[in-house]
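You will see subunit A twice below: alongside subunit B first, and alongside subunit C after that.
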Partner chain A sequence: MPIRKLVPYLYLAPCIVMMGLFVYYPIVENFRFSFYDFSAFSPDKAFVGFTNFSNLFQDPVFYTALKNNVWYAVISIVCQVFGGLILAAILEDPITRFISSFFRTVFFLPVVISVTVIALLFTFVYEPNMGILNSFLHGLGLDSWTREWLGDSETAIFAVIAVSQWQSIGYIMMLFIVAIQAIPKEIYEAAEMDGAGKIRRFLSVTVPQVKEMFFVASLITLTGAFTVFNEPYILTGGGPGNASEVLGTLLYNSAFAKDQMGYASAIATVILVLTLLVSLVQMKLFRTGKDD
Partner chain B sequence: MIDLETKATIDYTYNVPAKRRWKKAKIKGAVPLYFILMVYFIVVAYPLFWMIMNSFKTTDEIFSNSWAMPEKWLFSNYSHAWETGISGYFVNSLVVTVSTCLGTVFISALGAYGLTRFSFKGKNALLILCMGGMMLSPQVSLVPLYKLIQALGIHDTYLAMILPYVAYRIPITILLIRAAFLEVPKEIEESAVLDGCSSWAVFTKIFLPLNYPILLTGVILTAYFTWNEFMFALIFVDSESLKTIPAGLMQFRDALQTNWGVLLAGLMISAAPVILLFLFMQKYFIRGLAAGSVKG
Partner chain C sequence: MKRLLLIGMITAMMLSFMAGCTSSSSSGSNDDTVVLRFFHRWPTEPKKQYFEDAVREFEKSHPNIKIQTEAVLNDSYKDKIRVLLGSDNPPDVYFSWSGEFAYNFARAGQAYDLTKFVNDDKKWSDQIISSQFKPFTLDGKIYGIPWSTDGKAFFYNKKIFKDLGLKAPTTWDELLSVSKEIKKKGITPVAFGSKAPWTISHYIGSLNAQMVPEDVIEKDYNLKNSDGEFTNPGYVKALEKFKELEPYFNKGVNSVDHEYARQLFNSGKAAMGYFQLAEIGMIEPSLKKNLGVFNTPGIQGGEGNPNSITAAPEGIMISSKTKHPKEAMEFIKFLTSKKKGTEQLTKVSEYSAVKGTTNEKNASKLQQDAINLIVNADKTYLWFDTAVDIKIVDAYLKGSQLMLNGKKTPKEVMADVQKAASGLQKK
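For the complex of A and B:
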């Protein structure tokens, strides 16, 4: 009966409509938009071919933003993926079992707090006169190290990146904890019988066993690093000058401050291509790792 | 699924005699581990502690003595923050979060049911579409979404946030629920069908009640996402009266440039609901994050 055949599609229709309209259609549209010049409130669009892209690739701010995104990616991999793995391994070590659930909860807390709250809290941490960081350095007698962290074009982007690390290490740590708990305990016992020390057990048992999660975690952090928007927008707005601009804030400013919607779409296309490239490289690396 | 709490207690009972033998060496080895934990604990906990303490102080006291405990605990900072706008943002966040959670989980459960209990053309394509949806970042679609929301006439309404949130949460929620639905034994369904139940009755009377823990996980993860979402809330809504907490806090900061104690109290009020949700529902939270992370 034809009605019976329709039934599964009826159950799926709401999902298909929602995802099609708000997730997939905009991606296609964005690609098309990047070849047009138009503004937010006018229906007219002018086809400009690759002009948006060639303008973008001649814009020095684009390269500043790209450089900052690359810094974001490198520092996030080191702090979140490697740092998160080390914290997870420590918390899953039998020797910390008395208090590991307490630390686990505290380390995860920043993950659940809204990024706006955290960014505003860190404007106090970085505040030049009475902020936590400068007071701390002052207390240690390191007055020459104190500075206006967010207002100094040399430190602004790193101050912003640090906030993201502070918030997200706990998340990646939790993913690794889940992965480590799935490792059969016999492997650790055998390694211990063979006289392997803590570091040796970490390198020869834990690391190879959590390889899959390592792949997932680096994919999450790298994609996050190239699409980041909230922290730079709230903490510095891309400033001072354009020193802490990232692709996300550049996109936002082009679209909603300068009303260059086509140009903004071109930036979005570049972000999409970058994240896809990252995913492809990751998958390739992971596959080759699997064959060994 | 991994239950962190129960696992942690089982894990370490395996080698009691070996442990005694190595006791001395182990204590020595523990020192650097505890040192790392303590340092990172201070890095994470101190700013949060600082926020709590200073949210009870006057601005003058924050300036002169931000490291000490408050001289006088100014609970009035909290009521002041609540009245200066946080209450409105709070209600908006509540409305948007509850609607998004219900919409996401209901639509995803329907979809997961369709994907697991029927065989039809295009099933695998749909599954791939769901997984692909998880990989796409909303940033990339910002301009077309803005145009779309204008075209639908929902710019500057609750729906401008709720509909995109639901759409972006569906892929991960559907995969989460699908995994649970696959575990439901075929026999239960077959006997219900023999008794004359329609597929809709099987869905509402058997699948939904049987899988409520995973539905709850879906609700919690969606609530966490929605309560904290910033970018869409900033761009798709202009009216002050419709802003949710993350976007509203930006206005709140500008209004309170000089009144830091009240600003910090506002931050505390904004963060509290999700922190409480996490502390009480840790198990569901982590189960969902772990399941959701395994992409593809």
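For the complex of A and C:
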């Protein structure tokens, strides 16, 4: 008898071992490390209790980083999730169907390009003297709009966020296209019979039907927004000053540039808690898996 | 019985997983050949090729030693070397900047004490300029062998200066008035890029040296000193001087890096730039005779040493965890030999720290003049970003970036620096 009970666990074992070793063990260790003060290359650790956390919550840079992450999240939700849904709906409309595969590829292409390549590409776009963005504005006669996009502490973070939107909108769009394709045609036909126009059909049929995907997409973008690292690191390095610092770059700089490993662990713990909270709230809000 | 078998299988599987995760790192060393891991910071040409060739040459003359090279660039090197040295398997031989950067490793017990090697082989070690050992020496022990030496100076485009009827400035005020003239003609006076902010630290280091008394600097930069708090008003003045130059930089300094600045100067679009003497080798081929060099102009009213230069050696260190210190030392001796030192300048335009390696045969007139700037200076200061604690550097550089943006005043920047300095655990 017990053998039958054990078999499922046998199948689960490899996955559990791997997850434990590479995901859960580091999380627990990181949590422990956040109570110590230590350097990457010296073996002794000093227990400091909650000092790392209290320092962190008094650090103005932490709040700058948090604010930037929140901007990241808000803009990503608006642009990627709502924008992606609208794009998907347009591309799935019978009128655009014959060109939609072309546009699908166009929008999806940035997703498959490496973030590093894209970030480097955009340093040329934003370049203040001969970058194409400023040249374009100059060509339109909007010289007063030209900026040192990445070098100005007021625009740096938004310039970085814009790159992420450009890159990721295609991915979210693709998710919604899949969801829309799964909606039964009959519902649309019925709505049409009832005299619903295009916008009405989008609001009353498409949106409620892709609710599940809406949850997935916003979860992806939100957790992505709080764990973002590559784009700001390559484009600005968190600068000028700390203007475009996000939690990810703050963690990296504390750990590897300033060699405050314990402090960095504390930041990592905060990021973990934040992303967990975000997904908990969303699960409650969307009540996934249950029919209402 | 079946159950036992099953449990056995599960345990076996688990064990093999664990084993698979740990065993891969310990292979590769045979009994007779010694494998050394060498970590440097030049994955770019021509230095990458130079080191590959050097390693090959060394392996040929020492058949029992094999060298595995790894390299990452500049800023990443600073991050990665710290992590690697903390691991159980650090590189045997690695590059290091001098000053606080190197002391940090020595203090953490990650650097091998090389004093004995230096004293035992006087024939080799006496060839190296003795002053260059100092920034690698902590508490009387030598932890690094100087490989190259370098200094900071203003480079200028002689053609632009001649066309506008200008002379190379000798004081800070002249530098500003010259810049003003150049700007009027629509040419960028000074090329600068501070996206990677270490470039700021070189200005700050040189300006501090001019504005702040020597003994105060000595105290403040030293990590061991408990009352070094960066409160001298000269520090604020130094930042103000730096800010005076800001209108004459190219547009958007915070969004471009040093390579961009060099390119701007190289192409003749900028009249001046603050570069490292080793960069002559990269600029002279395109500007040819039009390239001139002058020392950082002296500032009136400064309390520091006007005849100082920011200059520092870079060196090679050995990990304290190495199993083959002798072989590692052989390799370092090879790299710092007179023959290699002479080659070094022609091939990669780095000035060797070995005496008499810069001469008419392998150096241009300008390069010889440049090395004399270092030799003739009364006082040399190390690169600021490697001379003081990283937390102070960080406060300085982040603050200065914002100062260049007009978001912070020099006083506010110094307040941040003082805060960082007082927060340090002084030993």
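Please note the rule applied: the second predicted complex is superposed on the first by the 270 of 292 C-alpha atoms of A that agree within 3 Å, B and C clash if a C-alpha of one lies under 4 Å from a C-alpha of the other, contacts with A are read in each partner's own complex, and residues count from 1 in each chain.
Keep in mind that, in the parts below, a residue touches a chain if its C-beta (ideal position, glycine included) is under 8 Å from a C-beta of that chain, and two chains touch if they have at least 3 such contacts.
On a predicted model such as this, the values are computed, not experimentally measured, just so you know.
Peer 1: With the two complexes superposed on chain A, say which partner A:P14 touches: subunit B (first), subunit C (second), both, or neither.
Peer 2: Both subunit B and subunit C are touched by A:P14.
Peer 1: Considering only touches as defined above, state whether A:F229 meets subunit B (first), subunit C (second), both or neither.
Peer 2: first
Peer 1: As a test of reading the superposition: which chain, subunit B or subunit C, is in touch with more residues of subunit A?
Peer 2: B
Peer 1: Check whether A:L140 is in contact with subunit B, with subunit C, with both or with neither, and answer first, second, both or neither.
Peer 2: The answer is neither, since A:L140 touches no partner chain.
Peer 1: Applying the document's definition of touch, where does A:V178 land relative to subunit B and subunit C: first, second, both, or neither?
Peer 2: first
Peer 1: Of the two partner chains, subunit B (first) and subunit C (second), which one does A:F256 touch, if any: first, second, both, or neither?
Peer 2: Both partners, subunit B and subunit C.
Peer 1: In the superposed arrangement, does A:A40 touch subunit B (first), subunit C (second), both or neither?
Peer 2: Once the two structures are laid over each other on A, A:A40 reaches both partners.
Peer 1: Once the two structures are superposed, pull the subunit A residues common to the subunit B and subunit C interfaces.
Peer 2: After superposing on chain A, subunit A residues 10, 14, 18, 21, 40-41, 129, 256 contact both subunit B and subunit C.
Peer 1: Using the touch rule from the top, collect the residues of subunit A that touch subunit C in their complex.
Peer 2: My answer: residues 2-3, 6, 10, 13-14, 17-18, 21, 39-42, 123, 126-129, 148-153, 236-237, 239-243, 253, 256-259.
Peer 1: Can you tell me which positions in subunit C touch subunit A when the two form their complex?
Peer 2: 2-3, 6, 9-10, 13-14, 17, 21, 78-80, 82-83, 85-86, 105, 108-110, 194-197, 250-256, 390-391, 394, 398-399, 401-402, 404-405, 407-408
Peer 1: For subunit A, which residues count as touching subunit B in their complex?
Peer 2: Per the touch definition, subunit A meets subunit B at residues 5, 7-12, 14-16, 18-19, 21-27, 29-30, 33, 40-41, 86-87, 90-97, 100-101, 103-110, 112-117, 120-122, 124-125, 129-130, 132, 135, 166, 170-171, 174-175, 177-178, 181-182, 185, 189, 192-193, 197-198, 213, 216-217, 219-220, 223, 227, 229-230, 234, 248, 251-252, 255-256, 261, 264-265, 268-269, 271-272, 275, 279.
Peer 1: Where on subunit B does subunit A make contact in their complex?
Peer 2: Interface residues on subunit B, with respect to subunit A: 2, 4-5, 7-8, 11-12, 14-15, 18-19, 26, 29-30, 33-34, 36-37, 40-41, 43-48, 50-51, 54, 62-63, 66-67, 107-108, 110-111, 113-115, 117-118, 120, 126, 129-130, 133, 135-137, 139-148, 150, 163-164, 166-168, 170-171, 174, 199, 203, 224, 227-228, 230-231, 235, 245-247, 249-250, 253, 260, 263-264, 267, 270-271, 274-275, 277-279, 282, 285-286, 289-290, 293-295.
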